[in-house]
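Same chain, two partners: chain A is paired with chain B first, then with chain C.
Moving on to the complex of A and B:
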């Protein structure tokens, strides 16, 4: 069987084939061809779409161009969620490539954060890592790191350098053996049919009796409807990085191996397709 | 706190196998037919 390290690589190198099409209401000087990219699941839309922007700007006048934003089937895509989460949440079970519409006007301020530069993405990413470490180690690991160590995490993500990133990130994944895991598991549970952006509460990897909590234990407490009753048809898929781990999977292992680079375990609960 | 984290090897094998198999299927589904697509841009700027 493959090694657990291979899981980290598979997670890092996950790519979603995507077709970018210019919104038909945009003013262009000639027809805009679609643009095809393999998007890294663990990155952020605005961090990896410079080429998309350049491609469409070639057919547009500068005065018609405002901040670029993305939409899928009427839903504005939040750049501050990892790309893989956006895909799993909104487009799982659809035909590939993922079809994203590109806009350069009418920025939806109510739905999206502005992203004027990569430093905004960096600040968001580092803030997530710090929040995760507050949950895992009372911020002790991230506070012991130097500025250059923080930069190494960010540059590893920005430049797609797995080894560079993990040389530092492994420190954020350590815990005392006798405790059996982190203090709390940094997780977020996303659902499509809710005004609430996600569920995030305190949850320990080990029960007071000392047994390892599983993905099923977490869902039972946070989102019981996601677990089918005996004999009942499955109503929801629980998706992490495009796969459905068994509910028996230990949460601590998931946190160490299937967390995003921001150190959160992002879990999407989506309705099971009916066809 | 003393921890009893023991699970049977068969249980561990089942969830691990499921994850490895599904990741492999995901690669086939999401990447194998699309390798001709352009990789997204990696912005090599800034210093360590």
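Moving on to the complex of A and C:
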């Protein structure tokens, strides 16, 4: 339906206004001005920040430049999470633009993965897709695709081409009609207050009785604390792509339309802001 | 759409508005500004590097640069002026083009107008064409129908023609068979009579010519096959018939009987009657429809008890006139077309008829089949007369007069005349013919050359000669009768006209009364007009009995009866009793 297509478009073209500021400790020839950029929610940090690097390199000496890494309010930002997930998780209810600090030195090896080139990002992206398809279709669809189809998926993401990407991705969103949905829904629930990185379990989209599972069913199963009890105030926000879908939204639909390009449904659970 | 979906869509739109739309322009403009500053910084930095080395050199270079710049500005200004001039020129040209364009547009509009007019004309013409075509189609259909009819009629005509041919063939066959039967019957009769005659005894009677005639019979019988049967008189010899004639006529009838000589004789005499006074007819004794179609001619025989009428129905009917009544005696057929004229021979035993079928026919009175057919004319025979016993003269529309010998049944002379001959008269040695060129020609019978030409008043339709062969009556188409004295040869003629007398046709016949005192003619109005010869004016008029134009009249030799016949088959017997 046209609305679903609109949803897909809106999800793909989601942007976050960001202000990149150079860390004061960095040695510069001149004062570096901040660099503003609209970051795509569905992409990865190291993929879209070439301009930032170029801008700051103008004021730095070449010998002082090591691998670039980003942090927000002290937290190093993991580049292998989608940008939207990082924002929703860390800076969801803060003032825009999102202020990220750019570092060129002292790379935190313990917290971040190195990203020497784009091929690393590509490998990570493709593995996410394959993992998602394994859950959805027992890897049948992704294994039926040819190498050039995989390449097309990556190129679509890298060049921000919605049609190119979705020409291939729709195959991954199909399911046999008698099933009523995927085999298992690929999802990850992120939370800030836990040491666990994320929750990922097997969950079917359709109940054994045949009724479709909703977001509420998923949370009840996986993170019951997120759902307020009767009469209680809402303590947590369940954010996907910067919005809070209603708990009765069917899970299958969410997986088809609100997944990230890596075919995972990234759900952030954050404490409700008290102000 | 479900509520959750609506909610999601709304939230997405809200998010984009807040996060994307509000910052989009700002970030873009900021980036551009950043670029510009870096550019200018670059420029400044590049330009700021030079003055660090040598100030004076830099100043001169600056001045030099300045001069160069001034030159370039001058050149540029000049270029600007030039370009402006070019612009002006181009603008002029453009205006010209515009004006020309406007002109052309006007012409085009005019052309469109003309074209519209022509188109209207074309439509009109096409409409007319359509109408014409419809009419043409209609006519074509009519013509086809007419052609169809014509074809059918032709076919029918062909059928009719075939039928007619068939009928004619049948008629011919019938006639042939009848002829054969008659001839066979006659032969049988002949044989029987021969046998009777040879067996019977005869009493010789000195007062009559009977024995001589009878003795001719055996000899004559041998000639039975010859064509001149007229001489084998077995029954109707003059002696046998004369007593009967005597009894039917009331007085004043003197007869001269010639002696009959056996075998072929040219000088045989025959009874000739003289009428001493004719009686003026007053009323019609009898009116009858004598023929099937119009009657063309009527003639009394030299004995006043026999009359012949001939008509368009190809028949000649013989009538006995007795006690004021016409009784039909017999019918003679054999002509294939209508009969124009009849004439009795001097003996009264034979009758000659001229016919439309270009021939003249001869009958014996007792035989309904013609004895002779004289063919040779190329058009209708208008008159046929006996000239003597064995000669016949015929006049025809083919502008010839032919003389025929009856014994040979052949034409022995053809006389070319200048004009259509409408009637003939034979008197002693001359033949008188009347023609359409208003002339009456007198021919010598033996030399057969034109002796005299008498002028007539108009087209001559008929001739009649008085009993004493002195007066010649001619009837003309311009409604007048003319009487000429032949002996005196003077140009003096008597003309008879009357009010209401109109000559009805090209063959209307007029007669002189047997005593020569009256002339009678039938008019187109159906009345018989009789003039007095000595007085020259109309003596009497007998109207109301005929309903159509009278074609012929005849006066009986005794003077008692006048018969008139008309085109509507009627014959009327007039007398004064």
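Keep in mind that, in the parts below, the second predicted complex is superposed on the first by the 273 of 275 C-alpha atoms of A that agree within 3 Å, B and C clash if a C-alpha of one lies under 4 Å from a C-alpha of the other, contacts with A are read in each partner's own complex, and residues count from 1 in each chain.
Following the convention adopted for this analysis, contacts are C-beta pairs under 8 Å (C-beta built on N, C-alpha and C of every residue); 3 or more make two chains touch, one makes a residue touch a chain.
Please read all numbers here as calculations on a predicted model, not as lab measurements.
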Now for A:210: first (chain B), second (chain C), both, or neither, which partner does it touch?
first
Between chain B and chain C, whom does A:148 touch in the aligned arrangement: first, second, both, or neither?
first
Of the two partner chains, chain B (first) and chain C (second), which one does A:58 touch, if any: first, second, both, or neither?
second
Touching partner for A:33 - first (chain B), second (chain C), both, neither
second
For the three-chain arrangement built by superposition, which of chain B and chain C touches the greater number of chain A residues?
B
Is A:17 touching the first partner chain B, the second partner chain C, both, or neither of them?
both
State whether A:173 touches chain B only (first), chain C only (second), both chains, or neither.
neither
Between chain B (first) and chain C (second), which does A:97 come into contact with in this model arrangement: first, second, both, or neither?
both
Chain B and chain C footprints on chain A meet at residues 6-7, 10-11, 14-17, 35-38, 96-97, 241-246, 248-250, 258
For the complex, give me every residue of chain A touching chain C.
3, 6-7, 10-11, 13-17, 33, 35-38, 55, 58, 96-97, 241-246, 248-250, 253, 258
Chain A contact footprint on chain B (complex, rising order)
1-5, 7, 11, 13-20, 22-27, 29-31, 33-35, 37-44, 46, 48
For the chain C and chain A complex, residues of the former touching the latter:
1, 3-5, 7-9, 11-16, 18-20, 22-24, 26-27, 30-31, 34, 38
Which residues of chain A touch chain B once you look at their complex with the stated criterion?
1-2, 6-7, 10-11, 14-18, 35-40, 43, 47-51, 96-97, 118, 148, 151-152, 155, 158-160, 178-180, 206, 209-212, 241-246, 248-250, 258
